[in-house]
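One structure is given below, encoded as structure tokens.
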């Protein structure tokens, strides 16, 4: 680490009600040169509790790389990885991988892997070409990484385990360093055991601002909302987290004893070793019938960690005034496809995957499919309370009960005395 | 109601073979200034029959608003709702919510909620900026509303229960009044119990014409087809309709007796009341395991209420002549994603969500995802009989048997003596 | 057949390691005026073996058209079908329908219908406006056809059974003749029993080149990759193949004996006959509960016939050099939706359904939904090993085990000594 980043040390903070988060937002807002309304929904689940899964046990940092199990070309100090220069100023962020209990809405909690003990992870807001340093500590018994989705960084910082770098082991701190580019709505998520870890819920927004943002030039918005769209199969998550923690317990023990081998886990230095192991009788797990969670059927859906009706009212939703442009950044943090429909308005779809479109497209329903971010601009010309929800209505339910899940509301702040005031309904 | 709309009184009519419908089409066609071929498929199920679900019982109109259960800020006459002026001419339409038995294809009937006893509901064709009045009477034992999808109207007419207005109670007549804008292919559907009610099959086309339609200027089409794409889980529908009618029977009784409360249904004036009820031990239904229909797996698919092979031949399909442009308006009335592939042609996708695209896009397969309408233009330059079907082939089946469901045909009328004439096959 | 095509006789060949394939590629490459890297993945399963399904039994060619079961307007010689002129030069290809055993990755084999005994079928590369003749012989006990998806040909060559021509019977050779147009990335697949036959795995790429390709003019690429994206429900395939072969055995016997009728199979000359049969008490199969495979839930996913990790390393993956443009043609050969995400790069989406877009769109994740082809251009400006995978992560698994399935890698060939070298992991 260079010594010059202490003066730029930021915590990747929580929601707007959290002091840490406020500090982060203040810095980022100043840098972005504009108002920020990135987290209208309340964060929750920040007090980890016992939730009936395997107990935590931290390894000594720096020990137990899975690759130490045999000769490994990269047995260097894993904390000084190649890919980033030393002679630049870094903005430094501290992150953690945690196992928490998260409340989606009153009455529904589940064990979740989470960044910084919150769902979703903190919103990053940086300037294009900023140099970023993220020190992430793994407080769980499971492997993890961070993939910076849509960021054009050096491949050794890309977070794909066994393709760009080793996974971050339990108890270990890993340092990511890269330049934030190109500008736009991007995100980050764990890339180890991806189906489980994205869904439960290791993901967050990574917003790269630009002083010359063509979208702001065309649509002079001030308020800027980030909505991470999430789907959860709570049964799958509960079962699978216990399963992986149990399996990792065995792996961790074997690693400590230096007895981890391909025969006990599915890692091979060369593809030929994999083929040879099978020819010699090793039976890969995919031939043994479906794994736990072979079928994933999400039954809860959320926006920024909350399911309707916890997505509206005081818990935060979208606000606008007449004559105002707002920008909404939609990020698909899960594996389902969502089709966000805004009532009473046509909006402009202005960016996809963070990149501005050649021409804005006027819509009222926008698909946000897996791996996608979509930016839309809404113009305030129709005062009222307006439904904004996934039109694939099975996602607008809580455990099969409509309405719920991926529903929120756009509210005009300057309506005066409205002729009808929404109430809360959870069972139609 | 103002007194000046009697001279513009239209019924929202049925299919082309229905006298009521013909009257409507004639008016609309004249207003649209062009030929209309909006309903090539036959309507059916117009004679309600006994189908083994709960019997109908109509309330007195105007009685029993669910909101009367406690103090309610809007205990005004619900038939004079805010949002529309009195000093304009309205085009008046009469609509009903009904419970009918609908035949998808020979041998397959199911109980369906339907507008005006037909599946899908009648096609509206109005001019941009027309003032519309729809008096809809609820002939069922279940709550309903009409959401005017993609129409920029006042929010109190938007049809989202408990957000824009109270639901329409059994036996009640509700009046929607709004200005039809912006022009394009739009639709309407029930927004109460949306997953069930859209799927079974409370939806229909709402076409807003403009004398300056840029699409017609670029592609001088005359014939104009409306295809509502539908998916049905018949088991879910049968079970869920019985379930909701039974539940509503209890609710209706409690309402009549003035004993309806949050404890007996999931309605709360304030979000805080909801949270408090749970803290005091009330168990919301979403914590009780999946509801009936927690899993929805449609097994029948239809175009304008009919499944292949009842979508071709005399029952109506798409017709074209050499050198002719036709417009096809595709509306997703359900919750599945459809991928309409036309054989032998590249067509232009010209509008999405009713709004013209900046540039037409040349395709042969167009996704129509939930909540979407897509308009395409086909040019007649390849005479023959051409398959037009969902390329997600599980939707081109009837109850798992291929071919079926979402298949229809484009036929050239000026082929002369064709070298091969299609026959009917229902089992490959 | 005209006599002038012998000098243009090509085999539609296999992968790059196959002599037949090399011959085909050489010809096509020369015609395309550029290098071709169309099949980076190895083909396999070319040696049919016994796999526990019904034994093969070939009919005499030309016998047993299903349509001979009753009066048929087209009892002409089925091998001289209308639709193509005799006075042009044809490029002639020989194809077969086969039932093989295909290996997706070590340890996983399944019975597959395949073109030319390979999965996917051979890559066609032809020039726009070439006249094509394909003689396809059915070596299976099941009906088949070839639909040329996205090609604007005469309808009698379109491959929709009972709509454009009779299916190709067991033992029969059928001749397709058509002009290849318009240029772009197109494909072909069986259209008989489509859900099963596309999925298992009767599909392949059909690339129509143009000397004036606007995409190459804008992005001067040389290497050109074809990736067919596939999804397989192995249980469904095993059960359904046995089912259809058993059913076809009965049908074939009845045909041979001249006793095939509507009562024994679902074929009707007129729609009215179908309705009448039902009215007289015939019970169509779709009323008998779900068919085998009524639910299709793919558990294996593949690119060009191979699942990760057999999609990387020596088995072939995407290669690029710094400063180079490559074109990747993505073809959805199955019924699932895929969302291909490339790490470390923004790429240009340049064509959809084979047709160039009005403007390239910069993305890092591109949906390839059912029935679609999508072309993207990648520019080599970020050396490394880069994940390229379906971001709907349930498709990045083998039988529920992550990682697997639809994952491959983009590798820079001019990296020098990379700081990190990928290894193989099959269980996270």
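Details
Labels A, B and C are assigned to the chains in the order they are written; within every chain, residues are numbered from 1.
Note that in this section a contact is a pair of C-beta atoms (placed from the backbone, for glycine too) under 8 Å apart; a residue touches a chain by one contact, two chains touch by 3 or more.
If you want to know which protein each chain is, UniProt gives these names: A, B, C = Multicopper oxidase.
In this text the structure is predicted, and so the values were computed from the model without any measurement.
Contact with both chain A (Multicopper oxidase) and chain B (Multicopper oxidase) is made by C.
In the CA-based superposition of chain A (Multicopper oxidase) onto chain C (Multicopper oxidase), the rotation angle is 120 degrees, rounded to steps of 5. At the chain B (Multicopper oxidase)-chain C (Multicopper oxidase) interface, residue numbers used by both copies make up under half of all numbers present, so the two copies contact each other through mostly different positions. Chain centres here are Cα averages; for chain B (Multicopper oxidase) and chain C (Multicopper oxidase) they lie 36 Å apart.
In chain A (Multicopper oxidase), the residues touching two or more other chains are 337, 359. Chain C (Multicopper oxidase) makes touch with chain B (Multicopper oxidase) in their complex at residues 73-74, 81-83, 143, 147, 149-150, 152-156, 158, 160-165, 182, 192-196, 198, 265-271, 273-275, 278-279, 283-287, 289-296, 335, 337, 352-355, 357-359, 369-372. On chain C (Multicopper oxidase), the positions that touch chain A (Multicopper oxidase) within their shared complex are 106-108, 297, 299, 309, 312-315, 337, 339, 341, 343-346, 359-365, 367, 382-387, 390-394, 396-404, 409, 419-428.
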